[in-house]
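Supplied in structure tokens, the structure appears directly below.
Chain naming follows the written order as A, B and C, and within any one chain the residues start at number 1.
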């Protein structure tokens, strides 16, 4: 099975990935708290970027309201923990179920009624906004006052309840990102992967070849939503507080799509590269500005905006395709693999 | 609650709605002609609003007087945006162009945040606390002036598109891109002009709204979304539709705020949006997209 | 010979304009049938009704006796009817092989099986040397062949071809005609083709159906049909006769 997994993957690429994995595994032993938090963010954005990429890059549906699924996942697991002491490992079942349902509803409404393209994007925004305002008045999760998790004792690691030092979250996120990467790699080579790409390229032709376009679009949306909700669970237990205003805000939705767009929509490595570039550059910039004595909120976002603008204008396929050529990692895809 | 309160609230909503309509009109014009979804629409309006606030704070000029200068500045901004950033990439797929404007919006909002900070700013004019009485209705003077200004601008816009040569040329581009090229129209320049006009509308609307609302950088994205809701409800590409949608949203928002929890009033707008997208995606007065 | 495809009295209007009116014809199993007629006669509309893109306003469509009228395009394909598009729709960013694999997945259980099946189809259509190239890099004749390969890979009982000869040079056309003849002879593949290029129609079809203004005005062997005055009139106009 491993052999099949590795079929078509260039040897050099595999070595680079393994080297990176090894690096990430040992990072916590060498870096301080701040850098660890930055690395966590990189992994977080790589993961949600990958999840979003399934809908956009594979099935071609632009969602600008993905914060909805992060928020639903976060609140579900957090509320169950706060009110009933239920471990997030069990609570995530509820997170996945609720997010998947939300995704299914949005997908159904959109695809049944033929809402596509920009209209679909606006629909997703509308739902996220709906949740943002709705949760502000949702008393069971304390609405706009915020839902707080009992703060962890940082010296004791409770893996079952996800309480403990930042490094357990780091490793958890690392595991999730690696799993997501492998999962998407397998997915792309499967029937579903082929069908999604076909739908993305030409829904009409796809349908004429026997593909039930509605059903496969739904799969993409529901899968994407479910995956994203897992990130929400980690989000809730890492930050220990949730405010609807922040969690569901449209800036969250835009933030999480920056990675895949800048890295390369529809590619497997794109979200990773994008998340890394963006976060690393942004934090680097912040460091420089702190040295200069400037600490103004909003500078990072302007930077993101400029990056996005430049990439969309001059590197429409993202940074990864030209980068992979330069590294000699692109090869004739006789089999849908790394791309 | 006595009926007068509802009527007052509705009237107030109607007046504000007319200004919303003007803002949405700009979006509708841009989409109707250039076929670009201006995701930075509200943020551009916020630019106009901040200019008005600065003018008031530094020079004591009333926002309504500043309407024309602001509209001009925004016209230039819109023109440059279209000419410099969108026109060169006009053959890219739809979502690509969309992302361009998302990026512009992101930049605008945060530059505003950096320059003006997150605190709310407002303008208090000499008529801020005046009101007019019309039978049982009591309406704010600032809203009446704003609504009147909005109607004047909208009427001017209608006239421009219907009677002037330039307006007709722009409409030709909207109807048939290739046909317009064939008859020798400089379509890209006309696109830039149109974007400029749409931006000018939104700038003017912003100036009108400054006496009525508090301005924070976050108001940009909120109004972008509102503009979309209005335009989609009223009909993308339909000018009367934008005004109608604006009034509809203005009134439902106002009434919703009174009947339910005030902070939940924008949920109405979104609920309406979802319904329209599902059952009548071309909006109330729109034509089906070609 | 039993009719594989039966079109029975179908009509279709668009906003009051009658594109197809009470059209009936059959395609016998194992035959190549041509559907011809002047521009605007309703040929592609007919195809689209058969293939499930449009729902007929009236009438029935049957494949091997089973009704498929009003089915979705993907259901029609799974039932054994594949079609090509007049304006080809390749999966631009996918390679030739990947394009065909998508088609092959229609009746293969695994991707590996689909890849095997696709290899032989790609080779048969003369695209083997380009199998790893992105579809967007192909020339128009190559894209047409890709379109056919993709449709063939779905393993159909009947293949609907929509003006595949348009834009091809004579040598390319001959290759195409030979290919269809071979497919028909060796696998018994039934073919219904819309064509404007008379040479191809005459060379391939045993039976020809003529549409004009949305109605069937003639049907028979190519010889019979080309001598039918009604057909000549529809193409050349009354005065020309």
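One rule holds in what follows: a residue touches a chain if its C-beta (ideal position, glycine included) is under 8 Å from a C-beta of that chain, and two chains touch if they have at least 3 such contacts.
Nothing here was measured: the structure is a model prediction, and the numbers come from that model.
For the remaining chains after leaving out chain A, touch-based grouping gives B | C. Of all chains, C has its CA centroid at the greatest distance from the CA centroid of chain B. Across the assembly, the chain pair joined by the most C-beta contact pairs is A-B.
Separating the CA-averaged centres of chain A and chain C is a span of 43 Å.
We define each chain's centre as the mean of its Cα atoms; on that basis chain A and chain B are separated by 33 Å.
Centroid to centroid, with C-alpha atoms defining each point, chain B and chain C lie 50 Å apart. Residue ranges of chain A in contact with chain C, taken from their complex: 189-191, 194-195, 197-198, 201-202, 204-213, 266, 332-334, 336. Put simply, chain A touches chain B in their complex at residues 62, 64, 109, 113-115, 117-119, 121-123, 125-127, 129-130, 133-134, 136-137, 250-251, 254, 261, 296-299, 301-302, 304-306, 308-309, 312-313, 316. Residues of chain B that touch chain A in their complex: 37, 85, 88-89, 92, 94-96, 98-100, 102-107, 109-111, 113-114, 118, 217, 221, 225, 228-229, 232, 261, 263-264, 266-267, 270-271, 273-274, 277-279, 281. By the touch rule above, chain C contacts chain A in their complex via residues 51, 72-74, 77-78, 82-83, 85, 89-95, 97-98, 101-103, 105-106, 110-111, 131-132, 150-151, 154.
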